[in-house]
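What follows is one structure encoded as structure tokens, with my remarks underneath.
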Amino acid sequence: MAYIAMATGFILILIGLFGALTNRNILRMIVAFTVADTGVNMVIVAIGYMHGRTAPILDVAVSAAEAAARIIDPVPQALVLTAIVIGVGVTALMLAYTYKLYEKKRTLDIAQFTELKW
Amino acid sequence: MAEFLINLAASLTGVAFLAALWRFFRGPTPADRVLAFDVLTIVSIAGIVFGALVEGRFIYLDVALVYGLLSFLGVIVVARYLERGL
Amino acid sequence: MSNLFIPMTVLLCASMIVAGLMSIWSKRSLPIVMLSSGLVSLLASVQYLLLAAPDVAMTEAAIGSGLTTFLFFFVLSRVRGGANG
Amino acid sequence: MGELLDVVGGLLMVAGSGFLLLGALGLVRMPDLYNRIQAATKATTLGTLLTLLGVAFIRPEWALKLLLIGIFLLFTNPLSSQVLARAAHRSGLVRLPAGQVDRLAEDTGEKS
């Protein structure tokens, strides 16, 4: 099961990169970037999965005495938890720059922004 | 017996998921796609409950709780955008 | 009884690839593209739950599917008129 | 006793999944957006509630949180479908088929 999820994560990364490189609208590029972000998170969670074990939260189903033999590693999940929040911050920053560029030039086409060309 | 019934219920939920996904893929208007998104979220709540039942963990039901609260927000945001632009 | 998870994983992963391909297809209009991106996050959240990470699933459902879609539609309603290109 | 409760819960879950399937089938087969809304949201709400009830029969110690999920579904689900139908009516995206009269627009005096 983890291998299927990992393959899907890599395919989502490729889809996101393809969309970010071939679209010409800035909003479409940001959407494709979000898809690639989801793919990266899914790959990391699928790496941390172990077969036959359960979630690393202790309650009546998993007691503290047998926790070492029954729960999976919680470190990749904490990593992904941080990465999701940072991802939404990066997305909000890109959208704010998109709005400022739209106020400046009244267009979202990436071919119109030619100030850094020489 | 009970295990067979649970597997049958999960299979029917999977067919419902595929039908809603087909409507999401070719809805004529954006409102159809938003409706299909809503139905996909509700079917996903049923799927999460199946997962919690199979795994036997009480803590998985919190995810269904968050789903029930937040699908609503997404649908309302898109509906207000379709109405007059947020 | 845990063999129920493998068909669910296959179904979710195929749906995620279909929704991801919809979200980069350049002929679709922009709200449909953003809604497809939200659908990818929603299905990824269920997949995280099946991969035994319910805390990541909660965060993804709240932030990745709710807040990101809200931000996209907020900006799209601000730049309406220049969005087709 | 526990075996009987398991079988009853399984039958309730099969009934709920049947209602989910009927709702999704109505979502595919209905011809119009408003028909799709009325077919999909009611049937899927009932199906999810029956599924939660079946899980509460199988695992009685989970009943409180399942009740909470059911209450949230009953709050949010009709609200989202109503907002969606109102947005579809006001935005004018969905045209009625020819020969039908828009009674809501006549009553409220809107132009659509």
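For clarity, chains are labelled A, B, C and D in written order, and residue numbers in each chain start from 1.
In this section, a contact is a pair of C-beta atoms (placed from the backbone, for glycine too) under 8 Å apart; a residue touches a chain by one contact, two chains touch by 3 or more.
Because the structure is a prediction, the values reported are computed rather than measured.
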| item | value |
| --- | --- |
| B-C compared against A-C, more contacting pairs | A-C |
| CA centroid of subunit A to CA centroid of subunit D, Å | 31 |
| Between subunit C and subunit D, centroid-to-centroid distance (C-alpha), Å | 22 |
| Geometric centre distance via CA averages, subunit C-subunit A, whole Å | 11 |
| Sequence positions of subunit D contacting 2 or more other chains | none |
| Subunit B: positions in contact with at least two other chains | 6, 10, 17, 30, 34, 55, 57-60, 62, 71, 82 |
| Sites on subunit C at which at least two other chains make contact | 5, 50, 52, 54, 76 |
| Chain pairs in mutual contact under the definition given at the outset | A-B, A-C, B-C, B-D |
| Subunit B residues touching subunit A - in the complex, by the definition given at the top | 55-60 |
| Complex interface listing, subunit B residues touching subunit D | 1-2, 4-6, 8-10, 12-13, 15-17, 19-20, 22-23, 29-32, 34-36, 38-39, 42-43, 45-46, 49, 52-53, 58, 61-62, 64-65, 68-69, 71-72, 75-76, 79-80, 82-84 |
| Touch list for subunit A against partner subunit C, complex | 1-2, 4-5, 7-8, 11-12, 15-16, 18-19, 22-25, 27-28, 30-32, 34-35, 38, 41-42, 45-46, 48-49, 53-57, 72, 77, 80-81, 84-85, 87-88, 91-92, 95, 98-99, 102, 106-109 |
| Sites on subunit B touched by subunit C in the complex | 3, 6-7, 10, 14, 17-18, 21, 24-25, 30, 33-34, 37, 40-41, 44, 47-48, 50-51, 54-55, 57, 59-60, 62-63, 66-67, 70-71, 73-74, 77-78, 81-82, 85-86 |
| Of all residues in subunit C, those that touch subunit B in their complex | 1-2, 4-5, 7-8, 11, 15, 18-19, 22, 29, 31-32, 35, 38-39, 42-43, 45-46, 49-50, 52, 54, 57-58, 61-62, 65-66, 69-70, 73-74, 76-77, 80 |
